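Have a look at the structure that comes next, please.
Order as written gives the chain letters A, B and C; numbering starts at 1 within each chain.
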Amino acid sequence: MRLSVSEICEMVGGELVGDGDAVVERVASLANAGPGDVTFAKRRHLKAAASSKATVVLVPERVQDMAAAQIVVGNPYFSFLKLLQLAEQEQRGHPRGVHPTAVLGEGVQLGKDVALGAHAVVGDRTTIHDRAVIYPNTSIGVYCEVGEDTVIYSNVSIRECVKIGRRSIIHSCCSIGGDGFGYLQVEGKHVKIPQVGTVEIGDDVEIGCNCTIDRATLDETVIEDGVKIDNHSHIAHNCRIGENSMLIAYARMGGSTVLGKNVLLAEDVGLTNDISLGDGCIVGGCGKVSRSWPAGSVLLGTPAQRMEDEKRQIVLVKKLPRLYETVRELKRSIEQKLGADEKPKGP
Amino acid sequence: MRLSVSEICEMVGGELVGDGDAVVERVASLANAGPGDVTFAKRRHLKAAASSKATVVLVPERVQDMAAAQIVVGNPYFSFLKLLQLAEQEQRGHPRGVHPTAVLGEGVQLGKDVALGAHAVVGDRTTIHDRAVIYPNTSIGVYCEVGEDTVIYSNVSIRECVKIGRRSIIHSCCSIGGDGFGYLQVEGKHVKIPQVGTVEIGDDVEIGCNCTIDRATLDETVIEDGVKIDNHSHIAHNCRIGENSMLIAYARMGGSTVLGKNVLLAEDVGLTNDISLGDGCIVGGCGKVSRSWPAGSVLLGTPAQRMEDEKRQIVLVKKLPRLYETVRELKRSIEQKLGADEKPKGP
Amino acid sequence: MRLSVSEICEMVGGELVGDGDAVVERVASLANAGPGDVTFAKRRHLKAAASSKATVVLVPERVQDMAAAQIVVGNPYFSFLKLLQLAEQEQRGHPRGVHPTAVLGEGVQLGKDVALGAHAVVGDRTTIHDRAVIYPNTSIGVYCEVGEDTVIYSNVSIRECVKIGRRSIIHSCCSIGGDGFGYLQVEGKHVKIPQVGTVEIGDDVEIGCNCTIDRATLDETVIEDGVKIDNHSHIAHNCRIGENSMLIAYARMGGSTVLGKNVLLAEDVGLTNDISLGDGCIVGGCGKVSRSWPAGSVLLGTPAQRMEDEKRQIVLVKKLPRLYETVRELKRSIEQKLGADEKPKGP
C-alpha cells in the first residue's frame, strides 16, 4: 500500500486539510498510528486525534491545532473501510492457480481462475466455480459444489454432497457435513442412524474457525444467504438459519432447530433441539433456550426468559440477603407479641 | 439406489398395498418426499402420509385413501434404517486403496483392503488393520494402532501411541492424543508436566467433529466400547468413559474424571476434574457437575443438584416477585399493629 | 528408556534403599506401576507405596517393609518430572528434517535443524527459526515467523503475518490468525470489516488443541510470554493476555478484552468484549464476566461477582424452600391475630 494523502482524500470524497503529498503505507488504529499511517477518529476521540502522530486522520469535523493532515468526511469509519479493504487485498495470502500438489478426483470441474493451494484435495465429480479460492490442506469430498468467489481457508474438512454458495467465506479447521448425532436405542445399545442428507450454505455467508455444521439425517441442513457465524459454533443436523442472522462465538443449535431471519445469538448461546425462534429474535450472552419463541422476542438466562423478566430476577436474587433479614425481623416482632408457645419456625 | 417397491417390501418383511413395480431412487423425510422417494410415517403422522407424494411410504398400519404405495410393517422407522444404511453406502465418499500421495513411515503395517486418502500421513511403526479407512489430510503419529473397519474422516490429528478399536468412527478435525493440560507452579511460572501416557479408544465408538481427547499424564485416557461423543467435546487427561455412555455436544470432562456405564450427558454439560459419576447417571442440558454422584443420579443446574431440587429451585426463583410482595404486606400489617417505634426495617 | 535404579538415584540426587542394579524401562502411576516401572508417592500415599509392584518408587521419607526399591528425595513429584521429560523425549514422534512432500513458498527461510513434517506447507517469505518443529499437514501462511525450538503439531492452520516466539507449543487443529468477527450494519445487511491486523504470540506459550486466536482488526492480538491456554479456547480480535496467565478449557474472550499478568480463568469461563481483568484475577469455573474488575479480584457466577457474594447467594437460593415456608407461617400467625378482613395476600 502506497498512497498519497491526496489520493486517499479523492478515494473517500472528503475535504483535505494539510499536506496532500505525504505518503501513506499502512492502516492503523488511532492509539497506535505513527508516521506513514492513515487512521480515523470518531467524534468522541477528536482530542486524541489532535495529537496523533499519524500522517493523516479521517475526521467527522475539522480539528484545530492538529499535527497530522486531516480529511473531513461524513462517516470516517465507513470511509476507512475502503482503506481496510485495500490493505486486506494486498496483505492476504490467497494462493493463486492450481498448485501441483493439489489432488483432483475424477470428473472434477474447475471454473475460471480457481485457486487450489498446496495439498488441497477435491473429490470426484465436485465443481469449483470461477475465482473460488481453496487454501492448503483443505479436503473437499465428492459431489460437492463451491460457488463463485467463495474462499475456503486451510485445513477445512468438507464431506460429500455439500453445496456452498457465492462470495462465502469458510474459515480454517471447520467441519462441514459431518454426520448428525442420531441413534436408536436397541437392547441397551446405540444403533447409528445413517445420516444421508446434506448441507446447503447460501451466498455471502461467513463461518468462523473451528465450526461444525452437521449434515441432515434426511433432506438438508440449511444456512441461508448473508448469515454470519463466529468461531466454535455448532449447527446440528436438519437446522435452518434464516437470512442475515448472526451467531456469535460458541453458538449451539440442537437438531432440527430453526431460526428466522435477522436473528441475533450473542456469545455462548445454546438452543435445544426441535425448537424455533421467529424473525428478529435476540438472545443475550450465555442464554440457553429450551422452547420456541415468536418473532421479535428478546431473551436472556438459563432457561432463557424475556430479558426484562430475567433482569428483574437477577436483581431480586441479589437482594436475597436483605429479604432474609427482613423475614427474620418480622418473625422476632411477631414472637414478641404472640408469646413463645405460638411462635413460628425457621428460617 | 434403484429398487422396486416390491424389493423394498421384501427387504423389510412388510405387507405391500399398491404398485410393487414402481421404482425408488432416494430416501426422504415425510415432509419432503416426492416421486421416486421412499419415506416412513410414525403413527401420529398417518394423516400426512395419506397425502404424501412419495412413491412408497412405510407405515405401522394400513392407511385408507392413500395416493402412494404403502408397506405395512411393525416399526417403520427401524425398517427405514435399513434403507438409510443402503443409501449411505452408495452416497458416501470413502476413499479406496492407498492414494499415491499418502505418506507411510518406516515399519507401517497395513491390513487387507485398507484405504488411505490423498495426503494422509501414517507415522513410523503404526498398524492399520483390515478395511480401515483414513480420509485425506489426516495425520496419524508413530506407534499407533487403528482397528478393523474403523473410519477416520479428513483433517484429523492423531498423536503418537494412540490405540483405536474396531468399527469406530472419528469425525473430521478431531485431535486425539494431544498433551493433557498439566503444570507445576515453580517460582511463579508454569512448568510443563510432560504427558507421556496415551489414549485408548474401544470398539464401536463414535467421536464427533472437532473433539479433543487428551493423552494421559501417565497410563491411559480410556473411552470404552460403544461410547458416542458429539461435536466439540473435550475429554481431558486420564479420564475414563464407561461402556455405552453418550455425551452430547460440548461435553467437557476435567482431568481424571470417570464416568460409569450408560451415562448420559446432555448438551453443554461440564464436569470438573477428579470426580466420578456412577453407572446410568444422567446430567440435563447445561449442567455443571462439581462433585461425585452415585449410580443412577439424575442431575441438573449450576452447580448441578438432583433434578427435582433444581426444578423446584427454578420455580421458587421465578416466584420471587410474589414473595417480596407478600413480605412487604406482612411488614405493613405488623407495623400497623405495633406502631412506628417498633417497626422492622427493609426490604 | 533403560536406566538402572542407581542411575535414576544419581539423576534425582536421592538416597537409595534396595537394589541399585535393577533396570527401569517405563514411567507409570503408583496405581498401575509394575515390574520395570519407576513411579513416585506423595506423603499421603506411602501405604500404597509399600505394596507397589514397581521396580523403584520415589518417596519423601523411608518406608518400612517395602517390596520395591526406594529413592528418598525431598519432592518426589518434582524429581519424577525429570524422568517424565526423559520418557517424553524418547516417546514423542517429532518429525526430523524437511520431508520431501513439504511445500515451501518463495523466499522461505529455514534455520538450523528445522523439522517439517510430511505435507506441511510454509507460505512465501515466512521464516522458521532454528530447531522449530512443524508436524504433518500443518499450514503456515505468508510473512509469518516461528521462533526457535517452537513445536507446532499437526493439522494446525496459521494465517498470514502471524508471529510466534521461542519454545512455544501449538497443539493440533488450532486456527491462529483467522479473521476477527466484525461487521458494520448497513441497510439491514452485515458488511464485513476487513481484519488487517495480526497475532503475536510470545515465548514459552502453550496453546491447546482446537483453539482459535483471531487476528486483530488493526494492530495485534497479543499473547504474552508464558501464557498457557487449554483446548477449545477462543481469543477474539485485539485481545491481550498478560504474562503467565492460565486459561483452562473453553475460555472465551470477546473482542478487545485485556487480561493482566498471572490471571487464572478456570474451565468454561467467558469474558464479554471490551473489558479488562487486572493482574492476578481469578475467575472460577463457568463464570461469565460482563464488566471490568481490578487486580486481585476473585470472581464466580453468571454474571460473575465476587466469589464470597456468589457463594452466599448460592446458599440463600438453596434455602428458598425454607424461606417460603417461614413466610407462610408468619402470614398464618398474623391472620389469626388480625382476623380475616385484614389478611394479607399470597404467596
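Throughout what follows, contacts are C-beta pairs under 8 Å (C-beta built on N, C-alpha and C of every residue); 3 or more make two chains touch, one makes a residue touch a chain.
Note that the structure is a prediction, hence the values are computed from the model and not measured.
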Rigid-body rotation angle, subunit C and subunit A, from Cα fit (steps of 5°): 120
Fraction-based call for subunit B against subunit A, same above half, different below: different
How many angstrom between the C-alpha centroids of subunit B and subunit A? 25
Multi-chain touching residues of subunit A, meaning two or more other chains, are 101, 119, 137, 155, 173, 210, 232, 250, 302, 317, 323, 327, 330, 334, 337
So in the complex, which bits of subunit A are touching subunit C? 27-29, 31-32, 77-78, 81, 84-85, 87-88, 91-93, 99, 101, 117-119, 135-137, 153-155, 169, 171-173, 206, 208-210, 226, 228, 230-232, 244, 246, 248-250, 262, 267-268, 285-286, 302, 314, 317-318, 320-321, 323-324, 327, 330-331, 334, 337-338, 342, 344-347
Taking the complex as given, what residues does subunit A use to touch subunit B? 101, 103, 119, 121, 123-124, 137-139, 141-143, 155-157, 159-161, 173-175, 178-179, 181, 183-184, 186, 188-196, 210, 212, 214, 217-219, 232, 234, 236, 250, 252, 254, 270, 272, 288, 290, 302-303, 312-313, 316-317, 319, 322-323, 325-327, 329-330, 332-334, 337
